[in-house]
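In what follows, chain A forms one complex with chain B and a second complex with chain C.
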Partner chain A sequence: MIRFLLKGLLRDRHRSLFPLLVISLGVALLVLFQAWLQGALYGTLSNQAHFRTGHVKLLTRGAWAENQSSSLDLALSQVETLKNELATSYPDLNFFPRLRFGGLLDVPDAKGETRSQSPILGFGLELFNHKQEIQAFHLQEGLAQGRLPQGPGEILLTLDLAEKLQLTLGEKATLISNDPNGGMVIHNFTLVGMVRFGIKPLDRASLIGDLKDLQRALGMRKGATEIVGFFKEKGLNRPRALEIKRHFNQNHPLSELSPQMITLSDQDGLDTYLDQIESWMSWILIFFIGLLGFILWNLGLINGLRRYREMGLRLALGEEKKQIYQSLLLEALVLGLVGTFLGTSIGLLPAYYLQEVGLDTTKILTGNQNFMIQNQVHAKIIFSNLWVGFFPGLFAPFLGTLISGLGVFRKNTAQILNQLESI
Partner chain B sequence: MRQEPLLQAKEVDKIYPVGGHDFYALKNLSFTLNRGEFAGLIGPSGSGKTTLLNLLGALDTPNRGTIELLGEKLSHLSANKQALFRRLHISFIFQTYNLLPLYSVFENVELPLILLKLEPKERKKRVHEALEWLSLMDKAQAKPSQLSGGQAQRVAIARAMVKNPEIILADEPTANLDSEASHGILKTLRQINEEKGATFLFSTHDDKVIGYLKRKITLTDGQIVHDLSLPEPLKKR
Partner chain C sequence: MRLWALLFFFCLTGLPLAAEPTAAEILRRLDQNQLYPTLFIESTMIIQGRKGQRRLRSQSWSQGREKSFIRYLSPPRERGTSMLKLKDQLWLYSPQADRTIAIAGHMLRQPIMGSDLSYEDMMERTSLVKNYQATKLDNEVIQGAGSWVLELKAKQAGLAYPKQRIWVDPKKIAATKVELYGSRGKLLKRVTIQSFIQTPTGWYPSDLTYKDMLK
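Our next item is the complex of A and B:
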């Protein structure tokens, strides 16, 4: 009998091809949508963490009170000691001191006169001995020209800034800034590479150099504006970050220059953003699953109803109601499974493409952005992409058939047969 | 010839609630159908023909009285046992043929045998026999949509006779056919009755069908008002 029914299923496009297309398409869209949301929302957050906030961050109370001022007079001192203390107390995180500062970059002509000049946002990172910072800032991938700094006096500029300053590789530029005491600092650097982050706020005017090199240049040998910490495994762990923050802050004094621990959630309204991401993700997925489920449920329902003729005949020929009902459910199950597998596979293909290549959003996102939104937004394939489609793809048509098929039991056989005559 | 009772209805009532009142579709109805009969329930619309046919076919149960087929009280059987009874002993021929449009003529006729779980070889043999009997072998692979009304009804007849049932219940089998096709079908049914000994009970108000019947049971308002058996076979047309 199963073979007989399978023949009918394959021959009837309304029963096989059409539901299969709807299920596959719906599931594919759901999987793609989920991967895209995951990548776009958490990618932005990940960028924010890597470039700016860390999962936790240490800075002076004064700098925190001044809204994370990068003013060097509010920088942390004895950074190596602090870093060792953090590494010992919280071994589940990696810590990196960073120097964030402002200044002017002046490019002289042959006579020593200013040829071009621009304000810059400077980053001093542990470039020489720590690959993690190079990875965190995507410096290797973002290198558009030249190479990474390998020794003192070498810097990177963003491509936009270098073009604006008409500075080419190997040319010298002068950094004009302040030391922690407010004194003017002038230091010459050689441009060895140009990078593109793909993030507007960074690409405008960033200068990147080695931490120690810039500490020397800015006259703050053991200082840094912040120490950022990242969980070694599985990304941000909000409860643990909060626990570390409380533990650290309880054990340190409250003076203006004493260190204070903050978490990613404390910065840039990210607490709200994180809550919103989780809430949005849940609601959007619930809505999408619900909508798709409703469509597919109706599909199952209609499919069941339009086969009353066949059911009536099968009853008249002596098939039991239970057998007919089971065969309908089996059919819905097979269609749901095949459609969901197909839909998941189809959805993962563009999701993979968007994960690897991304989508250029420069034309979509205009104006000043405070968040580190990458110009190239990527999807992110996660484990739940593999099973999320089963809710609407498998259960909805199955439920629809389950309910529509109940009509076989509710009506007596003669009623179904009379309907059969009237069709 | 000794008359062997095949089907017996005793004091049957079938009641439907209509507008808060009980409507008696069948009232205190009794009759016996013997093996090998070619009988018809005759009467106008609403006289209770189809209701009685449904009860005799184990598709419905009476509110009062009993219906016995092969000595088994149908109304006392569970729904599953009734289904089994239909599968083994009863066949239907419908006014609208009710062939499954996705399946070939061969597959439509094969379906009752699949439900009986017969081996494919045995099924094929029986289907071929039925199709040959009804001169449908050349249409075995055709789909119902490729058939004329008369051909479709012949396929429905093949489907009804393929399992050699005890009784074939035919509800207005010629209602959708023209005169020529109707006579062709009715001759075939009489032939099956006479040569294979199959028992037929029709529900009809079509004079063409009535002309072929050996027994006419006239229903009016849910009751039998005439029950006339013709002792001599009908003249050939």
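Our next item is the complex of A and C:
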């Protein structure tokens, strides 16, 4: 029976081609749209977590209260002890101490006097023997020139900053900053690599070095401005992050320099952003599924109504009403199934392209941008892309046909004879 | 009778009957108090931070308003660090990095050695008469003594503090308190002078507190 229907659909293009095209196109757009939303919204969140907030973050109460995450006088002390305590208490997360600081980078001329200068945002990361931090900061992928630091006194700069300072690989530059007591720090470093994050706020003026090396330079051997924690599996788990935060904070004192745990949701208005993402994603998808369903349902209805004459003829030839109705429904199912498969495949192709290559947003997003939005926004293909098209693609035309096909039961002999006369 | 009553009132308030100097005259005298052909100062700066107190000892030499040199003597981490100011340029030398660094642009707003004093504040030691227009406000009593209060407005754009308010000790003709305001009228810094030493030309502050009011 299905084989017979397939033959009919293939041979009679009036019956199959247009509905198939509409179903495929609608499903393809839905799949592409879902993958794009997923990539754009969660990609921004993922960047925010990797570069800034972690899934959870430890900093001093003073730094959190005064919103001074890069203030060295409010930095955490005894970081190794804290890290070990965290690793033992919460084994489902990986923890990394980081140093975030401000300063000025000064490039000398041949006489050792200032040739160029720029303010910088410094990051001290566990670069030696810790691949996870290199991965979190996308340093290997972002390396535009040179190599990653391998020993003390070596730093990376963003390509934009190095170009602004007219600094080339192997040249020395002097970091001017403050130690935790406010004392002046003047320290020489060698540039060994240049990176590009593809994120405006970071690309403007970032300096990256090894944590221990920068701790020595800034006079804070066991200190760090923060310890970020990431769930080992499946990314952010909001309820668990909240549970960890409550548990940690209950067991630590309330002084200005004592550690305080915060979650990703507590920072940069991300709580609202996360809620909005989840709500937007659901509503936008419901809207699109609804809209596409409505169009395809109408298509099923029109298709059914268009074929009333054919039904009359088939009834006149002796086919039973129930049999005709069943064949119409089966046809709708086959069309929906084929259209959804086609549409999903077609939609996944541009989604894959956008996942791998991305879309340049530098010309779209202008102005002072502080959110970690990548210049190249990528789509993200997820498992639900494979089945999301089935709701509207399969069920809507089926439902349309289910209603319009009922017309066959209202046909009487007079109508059939009338229709036969007009043929 | 009325005249006697008036004389008696002035004697009680302690203010001289003779005409008070004008705002411009007070400003000229304040300038005179701070200007010396050559000056050598050995000082200790106490910086109060979150993690305690730091004491920095330094020696400074200056010639007029345009040339000055400071060398830090302690603590060991800062020892040998020097600053040279020539007209409107400032350089820093660090023996640890063996570098001479020009202090300009963004760096001028940074605090010196973690204090509330910025490099820009150091560069602002220019003539008040030349840069500001003074208006005299109502006299005030500070620590039991009457003070003249001047409001200074910048004559030209580009100064770090477009507005200042200065409390002047009428006996010494020396500032006892200075408030420095930003371009939007916000109080940025307050300087309080606790004691002075007498010099041949006037009074020079020997103990002062510099406070960043935004911290």
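Following the convention adopted for this analysis, the second predicted complex is superposed on the first by the 399 of 423 C-alpha atoms of A that agree within 3 Å, B and C clash if a C-alpha of one lies under 4 Å from a C-alpha of the other, contacts with A are read in each partner's own complex, and residues count from 1 in each chain.
By our rule, a contact is a pair of C-beta atoms (placed from the backbone, for glycine too) under 8 Å apart; a residue touches a chain by one contact, two chains touch by 3 or more.
The structure presented is a predicted model; accordingly, all values stated were derived computationally and were not measured.
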Should A:117 be classified as contacting the first partner (chain B), the second (chain C), both, or neither? second
Could you look at A:181 and tell me whether it touches chain B, chain C, both or neither (first, second, both, neither)? second
May I ask you to decide whether A:62 touches chain B, chain C, both, or neither, giving the answer as first, second, both or neither? second
Which of chain B and chain C A:271 touches, first, second, both or neither: neither
Touched partner set for A:85, first chain B, second chain C, both or neither: neither
Tell me which partner A:203 touches in the superposition: chain B (first), chain C (second), both or neither. neither
What residues on chain A touch chain C, complex-wise? 62, 73-74, 104, 106, 108, 112-114, 117, 119, 174, 176, 178-184, 186-188, 219, 256-257
Mind listing the chain C positions that touch chain A in their complex? 47, 49-52, 54, 75, 77-78, 81, 92, 94, 96-102, 104-107, 110-111, 113-115
For the complex, which residues does chain A have touching chain B? 1, 4, 7-8, 11-12, 309-310, 312-313, 315-322, 412-414, 417-418, 420-421, 423
In their complex, what parts of chain B are in touch with chain A? 50, 54, 57, 59-60, 79-80, 82-88, 90, 92, 94-96, 98, 100, 102-103, 107, 111-112, 114-115, 171
